[in-house]
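Structure record follows, encoded as structure tokens.
Chain nomenclature is as follows: A, B, C and D, assigned in order of appearance, with residue numbering initiated at 1 for each chain independently.
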């Protein structure tokens, strides 16, 4: 449970309590329904006004549907491919050839895998890739180009990993390689930020023809906590930093960085996974339909123009 | 050392003649090299482009000085000098910070771009300046690097980019992140041609700059001792509680790990570039 | 185990019906699995394509059995079956060795190629046979693999190559070495198209085969426990005097090191290929 | 000194001895000149009839000119490039952009570096590359293609390295990658075997449009010693194995595997390095002149046809 959800949880507990006491008797029904109204009101009040930092917390929610949920729900078949052919296979990112249920299209599906239990979370380094992961992803981008399959990337990472091995094996070089590959790949590239979109680790999967974000996901150049400690010299000011960074889906849509905000159920994806999975499945089909049949040169050129034009620079009055 | 690093623009250099509009030098002033702890004359340090005459330690070099170091005298035409950053997120304190940096460095932002000759060969040049908000990459750095790439492409010239950056410019949030994508799409087009792209990594180069254009080059040079990587050593030690080895992320470390082609002393850099461009032209 | 491995062609299999011309089986004969040391009926081993029913150890599988395992019944048309090796170096003992191998295996050389259907999809297939002089690659293996690639290219079909090889065929000296180049130039042409090349690594695959076509694939599968590498473990231990870890060079080891995509049980291999070809067609 | 050179060395010693004794006196001149004739005869007899295994020994001679000698003698400028951008920089192979003295052409020059002293020999692993080396070479092949520079490869390796790290990092995958790159690179590829041409390690540098071999170099699928111990089950029969493998330059020319045998001075390259360096320099210029201006597609197609046709298979009478 997240802090700001406490009032809701308390109401839920009291209602359960009263139900127990009431048993068959009618005596407490009035009170119960009063509390139930209060509960609904509280939910709407809290969840519809989530602050940016609260959304970050929702995006990080351990029960939030992650890559595995989408992979299992949205594909008829997922044929996983492994390895960078160079050094290792990084469990933090997974990918392969998939057939989507919605529309039945074959695609290269990949994403950050935060795992489903302690063991797999640790194995996947909580979705933080090593160079092996970025290089596996690059291999998948190249296979997509070779086979003419659209790329669907599900972004959900706290960011690139800060570790010795990652630096020794050229993390920066590997991320740069992914960006160059995405800038050139002659097939549709569709990115969906389903949870955390942390820095370069996320960008290596969202230089795309379409970028969608779930309502409570975020995309940021840096984690709010880190930003607070660097800019405000006080990591406890993460709330402020999150707001200042304009990292929510809505902010990014307003700034024209992403194409679409995909709605989540009240309280976040984890409160009704099926609903989110359906939303994403339909969005994917719609977007892929829109991009299919596009001339590959035109696609790459449009991708170029899209990113080439992002920036907030102004000519200085002479 | 700080003393002169911060005051550096109050000094002119004696030899060779400068192109970066700076004043007279007080030849008597000297300072202590923070590396070898020896006293050095500002003038000597200046004449050697901020390389210690005693221990050869490479101190940061202002962008205009770097341009003077690399280009044939009188050949550099700066481009797009008028670009300055907007404040897309209205980020608390950014406007002031940027104004101060512009005043301090005399630059519009953390990069200078243009066309110049290197050993008689024209090349597009982009040089970053660590003194401007830590050489952080915001919209202007991304835009000007992209334009340098495009100038090179349009005029079919070699491209030389000298990086020095602490990483992303947080004040611009996701706009800063997206400059990695912007420079990458520009480079992807340039690489369809057959002109070389040479990246020069100087101390320090980290974060989004290293993870985009600075490492996507045909040939990568680095200055001796330059620290280059994605995450900084302090962050890594905080994250992993691991003690990092001596020389971690230095140019020498990166050469050993296969990440750079050559380590080139600053005072030999122009000659090295002339050799390379000569071989490829 | 050796007993039946060597005698294996004296037995037919009961189910499923065979296409590899072999005789009747003595259902009563059993042997001991060299891996789990349990007694196993030849018949069961046969029915499971030489995978131990008890410990799932994968024993070598004759090429024609592999073809039967992978292709839809009655769809495989063998190609170029008549090719046999010359003796370009007049290498002492080679002619006899080759003749004996042909007699023993009923094959012209260490590979069978052709076109067949896998789950109703036509594909070019090349399957090596370790029983033929250790699956070593000489002129015929190189030529037939190259032809399989060309059949795939000409008919615009997916390509599936199943490798099992001790490496180069020394009797053919440099001709053997050059088969690595031959198959590579053929593959380079095939890869200009957009049909997939799937390589299946089985126990053992080493030397020139691993260092050429077997690893130049879009997708690489390996059988559980298959040993795959360039130099064999014994040679490495002799050379470096180093004790090698448990499981060195196994399929599981290679998966962990990023060298293969998937480990697939022999009895699931056909279904796995059908999935892959289905997704890519 | 190699074993078979002993008679020569003995004559040389005796002549020197007599010269010392003779001093000014004329007394021994007759004997001296007799011995000098014998020496010339011995040299011609021994060196013109070197057995295959003796040539292998000459090819391995520690004073034989290696990559460094050619690099220094044949280039006006050698701009070395390092690293595979993935894991490390392998000192066993070196390469870069060079300007050749003969003809002044810019090329990508690379080769195995056996080093010049104990330290550099060990550092270069005696010319046996690791995966990092093969991947650095691949990078150079790709740069050559990108810049339209011819590739000049100097082959001098005992073979691929049999070691744990080399296997862990995918030596076979790396060699295969070089072969695929050479099969596709749209520039002239010129290979010269200057010493040892050992197995896959050598082949990764000689899938070329022209392959030349120095008279006493060898190219073999396996070292004669290893072949003997495997085929004859007796490593002391290396002499026989060397003969059986047909690994000498002349054999390979006869079999149409290589294009040219470049002559060495009597006794081998190490007895007159300048002569060999000149021979190679002139051959390079001639060959590059011949290949320059060729259409790149035609080049790649001819390379394909060349290797596609190597083989000793026959149709079995039905």
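Heads up, the rule we're going with is that a contact is a pair of C-beta atoms (placed from the backbone, for glycine too) under 8 Å apart; a residue touches a chain by one contact, two chains touch by 3 or more.
These figures come from a predicted structure and were not determined experimentally.
Enquirer: Chains touching subunit A and subunit B alike, please list them.
Expert: Output, common partners of subunit A and subunit B: D.
Enquirer: Going by C-alpha centroids, which chain is farthest from subunit B? Tell me that one.
Expert: Between subunit B and the rest, the longest centre separation is with C.
Enquirer: Which pair wins on C-beta contacts, B-D or C-D?
Expert: C-D is joined by more C-beta pairs in contact.
Enquirer: Counting only Cα atoms for the centres, state how far subunit A is from subunit C in Å.
Expert: 43
Enquirer: Once you find the CA centre of subunit A and the CA centre of subunit D, what distance in Å lies between them?
Expert: 55
Enquirer: Taking the mean of the C-alpha atoms as each chain's centre, how many Å separate subunit C from subunit D?
Expert: That pair's centroid distance is 34 Å.
Enquirer: Identify all positions of subunit C at which a residue touches two or more other chains, and write them in rising order.
Expert: 191, 215, 257-259, in rising order.
Enquirer: Tell me, which residues of subunit D touch at least two other chains?
Expert: Counting only residues that touch two or more other chains, subunit D contributes 85-87, 169-170, 173.
Enquirer: Classify the inter-chain contact topology: is it line, ring, star, complete, or other?
Expert: other
Enquirer: When you check every pair of chains, which ones turn out to touch?
Expert: A-B, A-C, A-D, B-D, C-D
Enquirer: Okay, in this complex, where on subunit B does subunit D touch?
Expert: That would be residues 191, 194, 196, 218-219, 255-262, 275-276, 278-280 of subunit B.
Enquirer: Flag every residue of subunit D that touches subunit B in the complex, lowest number first.
Expert: 77, 79-89, 97-99, 106, 132, 136, 143, 146-148
Enquirer: What part of subunit C is in contact with subunit D in the complex they form?
Expert: Residue positions touching the partner: 82-89, 91-93, 108, 138-140, 142-143, 146, 168, 170-182, 184-189, 191, 207-208, 210-216, 228-231, 235-236, 239-240, 242, 244, 248-249, 257-259.
Enquirer: With touch defined as at the start, can you tell me which subunit D residues reach subunit A in the complex?
Expert: 85-87, 135, 169-170, 173
Enquirer: Would you pull the subunit A residues touching subunit B in the complex into a rising list?
Expert: It comes out as residues 160-164, 166-173, 175-177, 179-180, 182-184, 199-200, 203, 207, 219-222, 227, 230-231, 244-247, 252, 255, 257, 303-304, 307-308, 310-316, 318.
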